[in-house]
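Below are structures written as structure tokens.
In the two complexes below, chain A is the common chain; its partner is chain B in one and chain C in the other.
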Partner chain A sequence: MLNTMTERVAKVTPLAAVRRIRGLSDRTIAWIFVAPTIFLLLAINIFPLVWTIRLSLTNYRANQPNRPLQWVGLDNYRRILNDSDIWNTMQVTAHFLIWTIVLQVLIGFTLAWLINRKFKGNDLWTTIIVLPMMLSPAVVGNFWTFFYQPQIGIFNYVVAFFAGADPSSFTMIGSVDLAPWSIVIVDTWMWTPFVMLICLAGLRSIPSYIYEAAAIDRASSWRQFWTITIPMVMPFLMLAVLFRGIENFKMFDLVVQLTGGGPGSTTELTSINLKREAFEKWRTGYASAYAIILFVTVFGLASIYVKALNKVKER
Partner chain B sequence: MSEFVNGLLRLRRGPWEIVASILIAIGVVMLMQDVALWLYTYSFIVTLVGTVMFIVVSHFPE
Partner chain C sequence: MSSYSITAPSSRQKWIAGTIVILYALITITPLVWIIATGFKSGPDSISYPPKVLFQPTLEGYVNLFTTRTRANAEDLAAMPPPETWYEQVVRDNGMVIAGPSRYGERFLNSVIIGFGSTFLSVFLGTLAAYAFSRFKIPLKDDLLFFILSTRMMPPIAVAIPIFLMFRTLGLSDTHLGMILLYTAVNISLAVWLLKGFIDEIPREYEEAALIDGYTRFQAFYKVVLPQAATGIASTAIFCLIFAWNEYAFAVLLTSGTAQTAPPFIPTIIGVGGKDWPAVAAGATLFLLPVMVFTILLRKHLLRGITFGAVRK
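And now, the complex of A and B:
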């Protein structure tokens, strides 16, 4: 079949093209195949990055494209790194990042561990648990604003039921203290299934004979968990943390829909702040410098994380 | 410890990557802490130095 196909292709290839291709080395042919990808990569990733670095050194405003461009050097960087509002935004992002990752890993791993045990309705539960992940973040943000309504929201009623308080005595989105937690709760609700799926893949990849050998050696369940399960799931867990860390660092849609960054700027993550600088205040040069600072931070973190991940895999 | 210093002096990848990783980690902590504004101000330069160093030293021999 393959021969026939090859012969057919060879037959329809023009003679001039055949002669040209015959003269090329394997290396050149390989480059011809790889070139479109490299070109796309340069056009879509590298060029915008270089252009953003260039813009970050100017006072360019995208809403005034005809204004003469002024070179400001590192002034944008200096202003950002002395701006207490942006500093506050970084702290809000750190709170969001740390708590979502901790909660998602703990709950996701626990769910995966439970789902991995054979029981009736196992598949049905898996499907139900992964449902939030399949929804659009805008939809999730929208309906959680109803859940958080002090008068009619189901969240307030559930909390009030367990705490024995009046449901309308607190408001999640409107309170300065509770609003940062409201976005953590929604993100955890939405993305824990993702961590669960990755952990489940890790748990299912552990061969049962390892547990059987440990059981023969009379290792307790607790010991099996810490010396077999955790080390073997660790690369998967680290991968989940990497994915969620990068995703949450640039979290935008869910939070905008839920709180819009408020009240005040208590839930204004860096991505929301960056969008305001770039497309509401139209300080494109300033926003470019801001984006570069975030890029370097994520790139640096991802580099050491990938190295750590490789080390764990080698073990 | 002396092995680590020797590695640094002989431009070996392992110890230099550790130094770069520590710099990146310190930079990120400085960026997101809520203690002092000056730490935030110098966070980017620390992270940038760490990141560039990480890229460079990952080409050092093992």
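And now, the complex of A and C:
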């Protein structure tokens, strides 16, 4: 009781002190400071979103703005959910998402675990490993088309060298079978350091006395790894997966430069597909409905995931 | 110096770990080294088989990047007065003459203007909002903060449709101002979240002392809090700049001429007769190098920046 009273007094005092001093009240300042940000987000994020919802109920085409507008209700949504092309796109996206996350988590965690052995110069090498992640995906993606060229590209050359094959015997982005893997490889190259950095933070957050206690209890290092390291890094790992999941669900720049969705539609991720519908076929209404479905999907999946993440954190 | 510990990795373990990590680092850096090297190769060297590791360096790629050229036949070339500059010489050696400057300079400048403009705006607005979120009681604070973050979850293409229409109506399509506002809106979530984290770490007592000394709240903000938050503001600014610098989806959809930035432009660089990889590589190198330098400068705050302040190390 006494405690809460003193806390209350402590909370009130600075406010009262401020009021005595001339100048704007805290409340006014708070609103002046927050308002521009909220206004900007309303104008450039929320207003467009509402507009998208409105467009999604029409047959509007942005390249023919004078065509009479027709309300079609939920027709666009119905058509999308029955469109086999879109389900194909979803499968392509799922393949990309699952494999990039699996590979990045495995390689990223392993690297972080190794870096955490604290060998000499680990800071320098960590910085070098991180570089690809910070670069423009469009510019780098464009360059990977060069690396993937049969014969003259270094990727094919190096792979062929180790596999003892002819570098022109396969083409990564031109073949239906290999193209989905070509985007997985580049994304993994680019974003593994992201997972690595987060895992490294997780590993460094484990106090060494826990391991010391386990060692005194004669727990094998294998057991220490599974009962201390993994559970304590798990929340960090899940956070990394969340970020990568959202980012790769939105993936556009890297892949559009790398394969443009081809060959056929084997690497046509949802964003690329959506761009086609909206800015090449100009089916604005239809594409708007598509955008809303995607947004709801990301948002829904992310919220479920965050709930799971919080449960893991509580443990 | 170091005390004996039963859990410290042995020197053999360190050696093995170091070798694997260094090996990975060397492999992962190869594509970047290759891009930089390709910028200094001649056309034939860049597409030779097997790929050339050692080559005669030339500035041909850089000259081609900044110029447009036309092919000239040998007689015309011989009849011309001798080249006045070294880069004319480089072009003529390949049997061509310079027709004019390329658009790379303009596109790069657009990236600089839009990058710095949006960074300034988002850090300015972000600092104000972050301070308010950090220090004041704001109704629905958590919801507002989550709302700010959630704007980042939208796929750019999804909001691009109405933004495209909106910009068309307002006359903002393909303008610097339009792109600056757009990138500010995208970056502000990052700025607010990161800066709130940095400001949260500054003890409130500093401002309270200043308030008691007779400062107004506003004076306390810019005379006490801002200097304390300088490092945080600087690293937030670099993250915003890198994002705006690298952004491609909005740029390719909403700009085509006057305000086009470098990322949609670089992949479209072509030479006379086929893709000019050394020129593309030169353009990419100039564009990527600043970010590499920033990454090295930022390495201590990197984790924080990429996780929106969720992981602080």
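Note that in this section the second predicted complex is superposed on the first by the 269 of 315 C-alpha atoms of A that agree within 3 Å, B and C clash if a C-alpha of one lies under 4 Å from a C-alpha of the other, contacts with A are read in each partner's own complex, and residues count from 1 in each chain.
The working rule: a residue touches a chain if its C-beta (ideal position, glycine included) is under 8 Å from a C-beta of that chain, and two chains touch if they have at least 3 such contacts.
Values in this document were obtained by computation on a predicted structure and should not be read as measured data.
Asks: With the two complexes superposed on chain A, say which partner A:W226 touches: chain B (first), chain C (second), both, or neither.
Replies: neither
Asks: Touching A:L301 in the superposition: chain B (first), chain C (second), both, neither?
Replies: In the superposition, A:L301 contacts chain B only.
Asks: Go through the superposed model and pick first if A:W71 touches only chain B, second if only chain C, both, or neither.
Replies: Neither partner.
Asks: Tell me which partner touches more residues of chain A in the superposed arrangement, chain B or chain C.
Replies: Of the two chains, more chain A residues are contacted by C.
Asks: State whether A:Q91 touches chain B only (first), chain C only (second), both chains, or neither.
Replies: first
Asks: After lining up the shared chain so the two structures overlap, which partner does A:L81 touch, if you call chain B first and chain C second: first, second, both or neither?
Replies: In the superposition, A:L81 touches chain B alone.
Asks: Under the contact rule defined above, give the chain A residues that sit at the interface with chain B and also at the interface with chain C.
Replies: 299
Asks: Give every residue of chain A touching chain C within the complex, in rising order.
Replies: These residues of chain A touch chain C: 14, 17-18, 21-24, 26-27, 29-34, 36-38, 40-41, 43-49, 51-52, 55, 62, 111, 114-115, 117-123, 125-140, 142-144, 146-147, 151-154, 157, 167, 189, 192-194, 197-198, 200-201, 204, 208, 211-212, 215-216, 236, 239, 243, 246, 249-250, 252-253, 257, 270-271, 274-275, 278-279, 284, 287-288, 291-292, 294-295, 298-299, 302.
Asks: Across the complex, what residues on chain B touch chain A?
Replies: Residues 17, 20-21, 24-25, 27-28, 31-34, 37, 40-44, 47-48, 50-51, 54-55 of chain B touch chain A in their complex.
Asks: Touching residues of chain A toward chain B in the complex: what are they?
Replies: Going by the criterion above, the answer is residues 77, 81-82, 84, 87, 90-91, 93-94, 293, 296-297, 299-301, 303-304, 307.
Asks: Which residues of chain C touch chain A in the complex?
Replies: Chain C reaches chain A through residues 5-7, 9, 13-15, 17-18, 20-22, 24-25, 28-32, 34-35, 38, 47-51, 125-126, 128-129, 131-133, 136-138, 144, 147-148, 150-151, 153-166, 181-182, 184-185, 188-189, 192, 208, 211-212, 214-219, 221, 242, 245-246, 248-249, 252-253, 262-264, 266-267, 277, 280-281, 284, 287-288, 291-292, 294-296, 299, 302-303, 306-307, 310-311, 313.
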